[in-house]
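Below, each structure is written out as structure tokens.
Next come two complexes built around chain A: one with chain B, the other with chain C.
Then we have the complex of A and B:
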């Protein structure tokens, strides 16, 4: 019966290991997340997850399929139903109102039941469960029908409408507006919420199905520890106890049963080893630094006086800024008047005005070059990963061909599949190492990181090369062994790199050249329209 | 069709017992889904003395879909767009707040009430809302000038037609398609 506890504590043991010095923060109560601030350590769960020593970047998570999600809700509802002695439909409405925080619901309800009921859209009245009725003399206030024997329905509030109107109202809400958890009585100013049983009485099966689907969605969106798998057509949900404040210390990559790997802390796909905040900064920077900006920086200089951007359109180095009329030398950026007659040589390197201007220029140039260095490598791996993915689609065919030509069995050609998988995963990691490195300050740790990066990159490139060999050569058993070795080497290098990076991150040992915070909330915003 | 019956009844209630300060008519007697309402500027407000045309456009799924209500007359108001669309920001009209049991009469009352009590904290025209909050004198002067310029004499429904049709998203049973530009 302690399903709820199970949810929350999956990560707790991990957390303890990762953040020995974070105990104060744990109590500081992050507002956005206080719903899950459960008592942390839960020893029982460790048996399930803590069997083997995990790498520093591994986080604990669980994948649920749609039926598990249903069961979780049912269990919670049943529990509240028994403890508070209210019927299941009402328990469900209360739980939704409290965003499935059972403890808080029970506590609040014990304290002030009538307020809680009213706020959640429930009635205190102990009137019999609503059912369809035909009442003599009834006129529906919505459609104004008054024929004899008209079937009508009212919630406990007694606002009675004909069944047809009720149905149409519900269809409008469920189908057109995608609303389920908070459909109110159709009457003006009545906040009573329609419960699942009443709904079942009123609408057809297909609408009920959609209603329950929407409720499931609300359930997942309401719980910060749950997130839908973002893969198209995947119905699974991943649970992870990572909290917002953890995101500076850990990169919470999770993997769905459908093999989709994504970040639990932000809306992106797997971006290990770079932390969410840096990923966000990086993506923003890449979006801002468009091609235009690159061209401008590469082909223009700024006027040393007014900073207007200037493109050199003639051969002469004597520049006159069109805007502020400042005259300067294109080569040394110094004052033209200081050039005297020797302008075409521009040998005035000692001039103070020129040095200063050049310094500023050089700084911006170096910073651009630095960015481009990392960006080009990042983009290259991104593209290669895409190409490797295309290659993977061809691999299937290759493997069939190989079986035919070499007489190898299905299992014997699986090494190509593993190689392809390894290539894609490692490229993705490499890609993000460049974004990560862009924000790293220079020190010993960074050098170790770069060594690890280099090792992985070299291994990946050589595997990539082997992988692209024609089928005839692939059949060679020597090459097969080489590919298998290289595959496992790549995977090993990746683990080493990630492990090292994650450990330093957890211990707060990286020095970044930007401010590193936690602005990205776990994107579980209620009412997000991503899964309509 | 349930909508027709309900609308007939609502219209009958409105004409037999006309709500104060409002004159309701159908531009086309065979089409219950479009109402023309002339709203008298409430006494004691800056809008007093003005006559404001309000177009009510009903969806075929009315009353399950909220009505679209727009001003046909230009009006200087924090909650009405300052253009010839005349869109109104009114919480009861928002799809998520709309309840099918709400009658048009009470919607119109709410619109009229907006003239008495603008809601600058929920503005559609931020500038006018600011002015209303911080420089009431200037606001009143402007609002009166608009009344004098636009809200005297007969309501020009034609001009508002295109705007209202656009606001209703074309998903209405509108019979007239006035292509004259709404300039």
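Then we have the complex of A and C:
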């Protein structure tokens, strides 16, 4: 494992390379996760077993702590502030508008500054920076207050409101609506964005804190190469250059400093060796018991062309996908153009004979049994992993007890900790091998995969058994050696399995029994529309 | 005196003085719920000779938060037919949602917007999925996440 120091040194040495550029994200350098000084690895294949071996499932990524995230933004803002000669608050607003793509911002701004400023919600006027004022005869349009000496505030647009109303308005936006990057002037149809300095003038410290937290959140969310660590209470961010199109060939598992392992390509925890799309399919399938899933499968179909989920709530069988405009028949899902004149009554469906329907039923029974085979094993490892986690908590106690009873030192009992870690990680891998295997077509590759799976499973089960022995027996030095051997064997088997699977995936050699695509978002629109 | 009360007091005294044609105050007995009547000013056949009753509900956060505005059905006050007005009186108008609302808007300006929304319409229809929405909806109008996609009607 890498130490914190490794990460920190990487972070500092990489800062100049941080470019908010989507097309060519610079994540390379000396920041490999497992091995330092490795040449820039390509996402595709790495078979360079030259000096240091690099597993095919390893990907390049980097972990940032909150202060790094702040510094990245500050650096970018400073740079734009100097190049374009605009103040920092405005530079920040512009960068957010361009989703932190500095190059595009500078290019566009050089070309047509006034349009860029307007689109981003900034004023061209070089009027003095906004400040609180009390103007004689002023009436606030929000609260209708007209007291003498009323403090008021306006952005460069000149829409002036009293300080109290402005505060209320900002509090509403920040606290209730969770808005920060795009808070506009309260006036109707004024698109000017409130900048950080004006905000500081108006609101209290706790609101400013929340405002900056929200801004950091948008910064991470705006950039495809950044993702929050999903562990509770962890504030770190992981950067990874993996693209959506790579997800059919690689399973991008990353590990945070807090030891949380998660997938960069989808919202799930580590699911190696199964690719994201299969994981999504599998989870959806497993959730099929739920009422919602039942309803969706009973009432919706997916557009045969773009896979958007469609609910048919009336009308004829002639469907036109709202998203991709594909025309098809709801009954047979075939092309509408092939339906000739048999509108509103799809003959192609009715032709299906009774025997065919019965066959289909028998087939679905077999497929259910097949599913249950894989599901039971998947669920079993999931549960065992949970039990192993509970076990781990007991392990600590065991380790203390062992130190007392056998006179071993703290270092000498660490093997139990490693064993427990190995068990949990391997169980998680095993769990996903079953989901993966469910979608594999039968061939030689699959058999090799299942052999690897079996080897790992047997090793894990026997380690698990040793691990659960009572403390008196654990003190036996022979068992200690056995556990250490088994632990390293388990880890090795896991690496072999993952490496093999990842290589075949990268080379596109697996044959799946489902169509395997990049995850497509479900589009769903509801409600009606409006006007001003 | 709360924020909303002060502002509503000022609005009320202005409304009592004068209102644009086609808008009438029915009752404003407190600073939580007001009723107003509106009618269209041209002779759009969809709305000719009809008067519609509007109910305004104000939260303590008004005018920072938009008021809740719906049409109310009475014997002589139907719900106007419009592709953005559900048959239970709920109005889908971006200006009444958090995104489109500005604290500078007021009761009078809302009424005028609704007037022009009716005047500009020539479609004799309810929103898509009206029946289902009216049957199933238990949410307050402000909690409905309308999807504003069509800005022409």
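The rule we apply is simple: the second predicted complex is superposed on the first by the 389 of 532 C-alpha atoms of A that agree within 3 Å, B and C clash if a C-alpha of one lies under 4 Å from a C-alpha of the other, contacts with A are read in each partner's own complex, and residues count from 1 in each chain.
Operating definition for what follows: contacts are C-beta pairs under 8 Å (C-beta built on N, C-alpha and C of every residue); 3 or more make two chains touch, one makes a residue touch a chain.
Just so we're clear, the structure is a prediction, and the values are computed from it rather than from any experiment.
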{"item": "Partner chain(s) touched by A:450 [first = chain B, second = chain C, both, neither]", "value": "neither"}
{"item": "Chain B versus chain C as contact partner of A:145, first or second or both or neither", "value": "both"}
{"item": "Partner touching more residues of chain A, whether chain B or chain C", "value": "C"}
{"item": "Contacts of A:168 with chain B and chain C, given as first, second, both or neither", "value": "both"}
{"item": "Where chain A meets both chain C and chain B, residue numbers", "value": "141-145, 159, 161, 164-165, 168-169, 172, 177, 186-188"}
{"item": "Residues of chain A that touch chain B when the two form their complex", "value": "141-145, 159, 161, 164-165, 168-169, 172, 177, 179, 184, 186-188, 190"}
{"item": "Of chain A, residues touching chain C in the complex", "value": "141-145, 159, 161, 164-165, 168-169, 172, 177, 186-189, 313, 525-532"}
{"item": "Of chain B, residues touching chain A in the complex", "value": "2-3, 5-6, 9, 61, 63-65, 95-96, 99-102, 106"}
{"item": "In the complex with chain A, residue positions of chain C that touch it", "value": "3, 6-7, 10-11, 61, 63-65, 83-84, 92-95, 98, 100, 102-105, 113, 117, 120, 127-129, 132, 144-153"}
